[in-house]
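Paired with chain B in one complex and with chain C in the other, chain A is shared by the two complexes that follow.
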Partner chain A sequence: MQYNLLNKNQLNDLISFLAREQKVVAPVAQGLNNYAFTEIKNGIQATLNYIPTTLPPKKYFMPQRETLATYDTTQGQNMDPVVEHEKVALFGVHTCDLAGIQCLNMVFSEKPKDQNYLARKNAITIIGYECNAYCDRFASCRLVHNHTPNGGYDLFMTNLGDKFILHVNTPAGEKIIERSHLFSLAAKADLAALERLRQKKREIFEKNEIPIEHEKIPELFDKSYQSKVWADLDKRCVACGNCTNVCPSCYCFDVIDEPNLDLTTGRRYRQWDSCQNETFAKVAGGENFRKERGARQRHRYYRKFRFPIEKFSRFFCTGCGRCSRACMAKIDLKETLVSLIKEQGMENPNAGRQSTIAEKPATF
Partner chain B sequence: MNKPKVSFFDFACCEGCQLQIANMGELLLDVLGAIDVVEFREVMSEKWVGEFDVVFVEGSITTPQAIEHIKRLRARTKTLVAYGSCAAIGGVNGMKNNYKLEDIRKSVYGKDANFFPTVETKAIHQVVKVDYVIPGCPVYLPEVVAVLKAFLAGLPRPVPDNAVCVECKLNENICLYERGVACLGPITRAGCNSWCINHGNICYGCRGLVSNPNTKGAKDILEKYSLSVDLIANKMNMYNKCGENDNRE
Partner chain C sequence: MNMNTKSPYQIKIGKILSVKQMTSMEKMFEIALPGEDLSHAPGQFVEVSLLGIGEAPLSVSSSPTKQGSFELVVRKVGKLTGALHKLKAGDEVGIRGPFGQGFPVRILEGNDLLFVAGGLGIVPLRSLINFVIGNRKNFGKVDILLGCRNPKEMLFHEELAGWKERLDVNFNCTVDKADPDWKGNVGLITSLIPGVTLDSERTFAVVVGPPIMYKFVIMKLLDKNIPERQILISLERHMKCGLGKCGHCQIGNTYCCQDGPVFTYEKVKAIGGAI
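Let's turn to the complex of A and B:
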């Protein structure tokens, strides 16, 4: 695999090239510092300098509502699976969102495999885009090691100031390089420039945003199940569900059968659901296993920082900060973690400095 | 299969929710293929004297005559649907309950007030048993169809109990609080696909509050955005005053 260069004035040509063969979606400014992945026809519409979009790119992998099957009970019980997908190029995906997609890939590749998800995934080309500095104060990508690229893309763009340098990660990425005729091979000086940029980033993302070592987080959560912090969140949370709907690694859905008016034919679809919703843990008879909003918030945090460690050996928090930005009650993930850390006396102000986790060198 | 005999009736309301049926467009043909509308004053002259399978009731109960009328309707139908905000949660008519009955009667009817007996506003379920509820001002047609299908299939269909924010976020709208506007989405029941916010309006809470609202938390939110708590109290009052009747019972 190799590094290639793209002139800044050829960005538009790249988008046009991609748009000839597939739908191209990229972050587009919506006003009031809100951005959304939206279909674009040319590069001018896209905004590369953006804070995380309102909804993460997961909406292209598992749409908010997605038909899974149609049924017809005129003669017996006939059900036909529906697997909808289209070719999409996701342009300008930040490293936090690449991590989110990696999380979802793991979840939906488990047996039984989710064919609807995988069909969409296989039709999606991902072009990542590096953040050279923090987007805003809500991000905690350093804590979860997502401030630099860790794979999960076909091409990955870094802004070197006067040009873009692209890392080619897959054959699909290579094809774009070859067929578009827009790229030139990176020279040693360009790779040195990339290395300087990464060095500067190491200074910007100098230590963890939250005073705890990455490796200590599971222990923090092991000790915090009965924490007072959850009682505080119980008072503040209004259960609007924003935190989970905007989360790049939340994937819970509800499955609903919708008959047509003839009552013999219809469709089965799934729709995003949320552990924050009142009815999520409610069962027949009216019992609710997580009636308290504080218990639902706790569940959400454990689903990001504790449970997936057992199951997938990684955090499911990508550090994007969306839950904090979108919270009506201004429940801030960083503040919650700091409160837990203080409660347990696990504060380490230098956490993350000279991390033992080797950063991937941008060499060749 | 005989098509179910369906009728529409109204009490204190603007009749706009019934008008939504007439506005249904092409889908109305499919709906009429599944039901037999036997009485519907807004669109037809025929009356029905027998039993109904379903009665859609728009409007809230505000007079002694209305109490008798809704009881008679209940006795004549197998299934009763509270149709629209006035029927489902009392709606704007509930604002009457902010005043003493005598005062409000005199203010409206002046010297003739004695000819117009009145009672405090009630949602339909606060007077008779209701089988299905379709809140909304006006009703959201996809939900009307969903309830109709549930009825036809003999299934229950509770009003969604999550916040309007859920659907609003799925629609990727910019949060109105970021525009500095107070919106009732965080504590109002979803099911309208955030209809108003999609079109640039705020949520007025016309679908009623979620079953377990964190009203204290909602007030804290307003303070955080430097919005007046009275503002939201007034907004909640606009559609949800009759909810107090439920709390009392």
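Let's turn to the complex of A and C:
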């Protein structure tokens, strides 16, 4: 049996159980419409009905700053590579963010493998949590098929009203079920309740948020490289890099040396970088290959909707809507896509309707 | 928790055997990895590291036929290259690599070669040229065209003179702007291409130069009917990590550091922003 039940009043016990062996992080309310993945000690601190957190859980897989090596120049140019990791349980991860983690896993597992990332990943347990309805108007999870779970978790919780039903996906998840003694097996009626909930979700997420079929998006981008939409973004973007920092699948980084005050010891670390920064694609000779903000925004969109199709057979946009929420210039991903679609005359107001995508993953 | 595992950021220690001032801007560093060869292919690059300063990608300029050490030619333009220029024989640097796809030597064998180098493009191209000269019988006709801004910026004077003297290599060079002592061609590198006699079916053109150069040189090569898949170029980007991850060197869907820096024109012509 892959499904188990947890009484709502035992959520706290589950958190306590997890906290005995590792740091537990969960979405915690920080103010109005503002949530952050934060360490919790008690289930009551977590908020399960949240709009996407300001930063996605990628910060546990790839922290903003991460030491790669330490050095002591009195010992010559040698350095000691450092791989940092800690045991973490990520609690209450929505399906959009599970997809973001899956994207990062693919990138960093590709050869040459990134040991720093993989060491962290291997120490993280993921407990997902299903959204039964839209979080807000910025989300476009239906478009990229992330409104329902597609794996990427150890356990996945769905709120059935009076209890949680949990899907067990990995041996690590199974261990939690077995060792915590908090769960009971789901009965047929519970599975029927889950199916009713999913059916209701099919009505809520009845069609794509943006009037285009999922499968047509690569074609849209093939046609849109010279689009006027990029010229419009060029005028509006302020190149702050918010969109990439908050993106669950953005992983670009810079590598920087930081000497200590003794000027002999220090560390080499990597730090989140952004393709929206002016100097990102600049070379030593002075040439800047993406000098205009429009070209940099275009690059960002292609890295979500076109380039990863060939390399990883999936979109790297998770539909979470964070880039639109965080944009100081109010550049909205959904609006940008609609503009591109209109420009190419590819509008399909019923796109996604009656599709069987929830059961069958798309192929390209 | 810290844990030492095999990190792709680990460096090897390189010992500087000699430093040679090439022009007012460039120095050549001969570097040895104690106990091993770099084992690079022509066209590959290394990440050179100085702790406390950082890393920079630099093309290997020597041919793999040269054993025991390798050469880097470094223009002083930034923080890392500025610090490198202060080093002398006996000093250490950190080396990661070699990285990237070099020139497809096995495919080039048996064919005629037309080398087109602009400015610092001669630095990586020299690796392949010397490899070809070192294995001369494996290759057909060889033409080398070299262009730079002015005679003072010309690198590898003695080697160029050697290439010029060889009967099995056609060498020609030009400068954008002459000085009073210059007796050779004056004009852009593109002006040398029409004068080359070649059999387009069996010629591979290998082009390395500043970004602005490619479009114009490739037009002239296509005029000569060289097939697009036989035009090889090496693209300059900021290969920050060398591991296909950090994003700085990305061109369209390709990571220049892993998928390149050597590409065929056929492959990159459709990628927006490549050339």
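What we mean here is this: the second predicted complex is superposed on the first by the 353 of 364 C-alpha atoms of A that agree within 3 Å, B and C clash if a C-alpha of one lies under 4 Å from a C-alpha of the other, contacts with A are read in each partner's own complex, and residues count from 1 in each chain.
By definition in this document, a contact is a pair of C-beta atoms (placed from the backbone, for glycine too) under 8 Å apart; a residue touches a chain by one contact, two chains touch by 3 or more.
Everything quoted here is computed from the prediction, not taken from an experiment.
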Partners on chain A (chain B, chain C) - clash or fit: fit
A:Val107 touches, of chain B and chain C: first, second, both or neither? second
First (chain B), second (chain C), both or neither touched by A:Asn116: second
Partner chain in contact with A:Pro259 - chain B first, chain C second, else both or neither: both
Touched partner set for A:His85, first chain B, second chain C, both or neither: second
Contact breadth on chain A, by residue count: chain C or chain B: C
Touching partner for A:Asn350 - first (chain B), second (chain C), both, neither: neither
Lowest C-alpha to C-alpha distance for chain C against chain B (Å): 5
Intersection of the chain A residues that touch chain B with those that touch chain C: 259, 263
Touch list for chain A against partner chain B, complex: 30-32, 34, 36, 54-55, 64-65, 235-242, 245-246, 258-263, 272, 274, 277-279, 291, 293, 326, 328-330
Contact set on chain A toward chain C in their complex: 68-69, 71, 73, 76-86, 107-108, 110, 112-116, 119, 225, 251-257, 259, 263, 266, 268, 270, 273, 275, 280-285, 287, 289-290, 295, 299, 302-303, 306-307, 310-311
Residue numbers on chain C that touch chain A, as the complex places them: 1-11, 13, 49-56, 75, 77-78, 81, 92-94, 120, 210-212, 236-238, 240-241, 243-248, 250-253, 272-273
Partner chain A, residues of chain B touching it in the complex: 30-31, 33-34, 145-146, 148-149, 152-153, 160-163, 165-166, 169-170, 172, 174-175, 177-179, 185-187, 210-214, 216-218, 220-221, 224
